[in-house]
Amino acid sequence: MELLKRREAWNITYTHALGETASWFFVQIRDNARIYGRRCGKTGRVLVPPRAFSDQTLEPTTDWVEVGPGGRIETFTIVYEEFQNLPPPPYAFGYVMLDGADTAIGGFFKGVDLAEPAKAAEQLKVGTRVITKFAEQRKGDMLDFWFERG
Amino acid sequence: MALNRRIAVIGSAIMAPAAAQNQSLEELLYDIAQAAMKDAGLTADGIDGIVVASNDQFDGRAISVMAASGSVGGVDRDILSTPSASEHAFVMGVLRVASGQYETQLIVSWSPVEASSLSEAQRLGADPYFHRALPLDELSGAALQASAVLAARPEAIDLAARLSARNKANGRRAYPEAATSEAIGTKPRWPIAADMVAPPVLGAVAIVIASEDHVAKNGLKNVAWVRGMGWATEAGFLGDRDLAIAPALEEAARRAYAEAGLSDPRNELDVVELTDVSPYQELLAYEGLGLSGKQTWKDDVLSGVFDPGGSLPVNPSGGVAAINPVFCTGLIRIAEAARQVQGKAGRHQLDNAQTALGHAASGFAMMYQTVLVLGENKDGAAA
Amino acid sequence: MSAPRVGIIAIGQSAFQRRRDDASYPDLVREAVNEALIGAQLELDDIEAIVYSLSPDAMVGIGNAERLGVDAVGGRGKRFLRINTGGATGISSVAAAYYHIAAGACDVVMTAGADKVGECGDSQTVLNKIWDPTYERPLPLGTITMLAMSGIRYADKYGMSEEDMARVVVKNRLHASLNPKAHLRQEVSVDEVMASRYISWPIKLMDCCPQSSGGGAMVLASEKYIKQNRLDAVWITGVGHCSETYYLGDRMGRGFTADHADAYALKHSFDRAYKMAGITDPVKQVDVAELYAPFSNTEYHSIEAAGLADLGGAVAGVNEGRFSIGGAIPVNPSGGVLCTNAIAVTAMIRVAEIALQVSGRAGTHQVKGAKLGIASGNGGDHQFFGTMVVEA
C-alpha cells in the first residue's frame, strides 16, 4: 500500500538568562580578553568556567580568580563527519585545564593540520601544552577564544 | 491497595514568580533545592534520592532534567525524572520511599518563560499525524473543555466569572507582591475571558518527603502526612473524551479517599488547593473530587461554600488564576496543601487546617489527574 | 526494611530496524505491548499502572509524546506516568515500575515505550541541545564527540588501541548475528571496522551504534500475584541509580568526583544494586551482563564499573574472549546497544534481555546455565546511570 510521510520542523527560539556569574565572566572575555574562574571556599578548587556554586560541596563559590592563558589538554576529538547545524568538518575541539584552574573548559583547537587523523591526534594528545587565543572581534561567548599548541 | 510505609512532607519551598533575569536556570534550581532542604531542617547529606520534573520544550533543553544534576545535589546521588507532569515527581518520590529503599526524597520542578512562545511549545505536544495542524495549545484545550462544561450547564458562565474574581482576590491577599491582575497577552478563547487566566511566569518548587521512620528518628513534629494518593490519565485524543466530565479525576480521588479513609470529603477536608487553568476546570474539579456535582454547582458557588470563610475554602493561595508557572503549578498545589497542614502557608494560612487536598491536572484539558490527601493526623497515611 | 520481591512476568520487543514506515509511533508501542501480553497470556485489564518509557521528546518529534502513547498501553483511567533519564530511561522505567510494586501500591505494572530515531533528521543536532546553553552547548558537542573524548582519556590512562575498540564491535556483531531482534546483524572483522571512516577520532563508523526504530514492553508483578496465578517469573533482586556532574569539563582536571575516562557513577550505581542483591564478588557471581555501551570504547569502562574487570583490565578480558558468548561472563550477548539503539527503550531492552537469559529463553544467543545477570543504562551526558540485578 501507499505509505505516506509528513515533514515537520520545530521552530521555537529561546532567550536564556545567563545569570550574574556567567554574565561577568563573558563581559571579561568580551572587554578584556581575560578568563576568570570562581573559587569554592570550602575546597579551594577553582571552577572554570565559573559557577555560582560548587556541585560537589553545594556551597556558593566565593571569589574570582584569573586563569590561563596557558593550559594543558585534558581531552579532545577530531570530527570528520558533517552533522546538521554543526560546523563543517574537519574540526578539532576538546577541553583544557587552564593554569590556575582545577576544572577544564571547552574550546576549539586551531593551527593543527587535520588531514591525517592519526598525525593530528598525536599533536593534540592528553597533556599537550596550549595557549589561549582570542578573536579580535569578541561578542562575549564561548567562541571568542580557542586554543593553539605552544 | 495500601502503601507499605507512611510518608510525610517535611519541608518545601515555592518561588513563583522568580526573578527572571539575574539567574541562570541552574542557579534557580540550586536556590529552590537549598530552600526546601533548609525548611525540612536537613542538608543534601540527608537526601537519599531526587525526583525532578520539567518540560524540554519549555526549557529549550533536549533532556532538561540534566540541569538538575549538580544544582539540586544530584552529584553522586540518585535522580529520576517524570517529564509527564510536575506532580508525577511527587508520586514517584512517595513510591520510592514506600518501597523501603529510601528514607527521604527531594522533589523539584520548574517552569521557565524563556521560549519565544509557550503556546507553540505546547502545540508540539499535539501529534503530527492528526492534530498538529490545529492551533491546539493548553489554553485551547481548556477552552474546548470550558465550552463542553458550558453546554452541559449554561449557568457555568456566571459561576466561572464569580470563581475567577474570588481566585484573583485570594491571590492578591496571599501574594500581594506577586499576584498579577495583568491578563495573558493573547486574545481570550471563548468562553474563557482573557482576565480569567494569569500570564505564564518563571517558577520553581521543591518538596522534601520522608518515611515515618525518619520522622520519628529525627523527632519531627510538624509534618504533613501523605494520607492518600491517587493518579490517573484520560485518553490521549480530545476527540475520544467527553470533556464535560473528568473520569480520571474521579478515579484518582476514589483511590486517594479510600487510602485516607475519607467517606465524606466535603466535610472531612479543611482546605483544597486545586489546579484550574480556567474557572470552568475548577467547576469540573469540584465534581470529580466529589465536592459538588453539576446539579449543585450553582447553589454551592453562590452560597460561598468554597470561598474564604466558607466551610471548605478552595485555593486560598489564589491558585493558577493568580500565579501561573505553567509546568510546575501541580506540584505547587501539593506544596501549598502541605504548608496549610503544617501551618506554614503564610498570609493565607487557614485556622485549624488539619486535612488538606492537593489536586494537580496536566496535559490538554486536564488529561493527567492527581489527588493527594495530606493530614496533620497520620491515620490513613498508609491506609 | 526489606522490600517485597518483584518479578518480571512478560517481555515484548520489536525486531528493530532503521525505519518503520508501516507503523506510527504509538503503533510501535502497541506492537511491543501486544507481544508481551500474548507471551504471558495477560490482558490489558490485568495491568494496574503504567510507567511510560520515553527519552527526549525531540527525538520522536512530538512534545510529551507519552500522551499519544496512553491508548497504546491501555492507560485510560489507570495510574500512568512517564520517566526520562536520557539514555538510561528504559532501565529507570523498569525501576519506577519496580517501586510501584515494592511500595505496595500495585500488584501488576507495565512499562513500555518505543522510539523512531530514524525519523529524527539528525540525532546529534538534537543531542547537542542537551548541554547547558551557557557554557557547553556553544561547542559542537554531541553524544559521539562526548564519548570519543571519554575514549581519548581512557586510552591515555590505560592504553586502549583502535584495534581494541574494533574487537568490541566484532564480538557484539557476532552476538547480534545470533539475535533475531537486533538491528545490525551482519558480522564484521577487525579489518573492516578499522577501514570504516572516522566520525569523531578515535570513533569510526562501525564503532557507533545505529539509529533504530522499535518498541519494548515489560510487565512486573508482586510475588503474591505471581504465586497466586502460578506464573513463571524471574526476580529483580538489585536496583541502583547514581548520577554525576552535568559539566564534562568537571570530570577532568584536579579534584574531580569522576574521571570522564571511567564511569564512576555507574560503579556507584552497581555498588547499590549489588548491595541490595547481596553480591560481594561480581566476577564469581554474575553469569551474564547487558551493559549500555553505544560506542565500542565505552563498553570497556562499563565492564570495569560493573566490577567484572579491574580498572583498565577490560581490554585484556575482551581480547581473551572472557566477555564473549562461551567465555566466563558474556557481556552483551544480544549484540548490545552497539547493534540496536532505539533510545527510549534501549536500557529497558538491557533488562529484558537479562531476564530472558536467566529464564533460559534467550534462544540462539542463550548463555548456557545463566542464573544471575546484570543490566545497566547510561543517560544525559554520561551522567545518569541505572543498574539492575535479575535472578532466576
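To keep things simple, chains are lettered A, B and C as they appear, and every chain counts its residues starting from 1.
In this section, contacts are C-beta pairs under 8 Å (C-beta built on N, C-alpha and C of every residue); 3 or more make two chains touch, one makes a residue touch a chain.
Just so we're clear, the structure is a prediction, and the values are computed from it rather than from any experiment.
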item: Pair joined by the larger number of C-beta contacts - A-C, A-B; value: A-C
item: Chain nearest the overall Cα centroid; value: C
item: Length of the line joining the C-alpha centres of chain B and chain C, rounded to whole Å; value: 33
item: Chain A-chain C separation of Cα centroids, rounded to whole Å; value: 30
item: Distance between the centres, which are taken as Cα means, of chain B and chain A, whole angstrom; value: 39
item: Numbers and ranges of chain B residues touching at least 2 other chains; value: 24, 26, 57, 60, 69-71, 74-75, 121, 124, 128-129
item: Chain A: positions in contact with at least two other chains; value: 8, 10, 14, 16, 18-19, 22, 55-56
item: Contacts with two or more other chains, residues of chain C listed in rising order; value: 58, 61, 128, 133-134, 245-247, 250, 257
item: For the chain A and chain B complex, residues of the former touching the latter; value: 6, 8, 10-22, 51-53, 55-56, 58
item: Sites on chain B touched by chain A in the complex; value: 20-27, 30, 34, 43-44, 57, 60, 69-71, 73-75, 114-117, 120-121, 124, 128-129, 132
item: Touching residues on chain B, where the partner in the complex is chain C; value: 1-5, 24, 26, 49, 55-57, 60-63, 65-67, 69-71, 74-85, 88, 91-92, 94-101, 121-129, 230-237, 240, 247-248, 251, 363-364, 367-368
item: Chain A residues touching chain C - in the complex, by the definition given at the top; value: 3, 5, 8, 10, 14, 16, 18-19, 22, 43, 45, 47-49, 55-56, 74-81, 83-87, 91, 93-95, 97, 101-108, 117, 120-121, 125-127, 141-143
item: Chain C to chain B touching residues, read off their complex; value: 1-4, 24-26, 52, 54-59, 61-71, 75-86, 92, 95-96, 98-100, 102-107, 126-134, 239-247, 250, 257, 265, 268-269, 272, 276, 379-381, 383-384
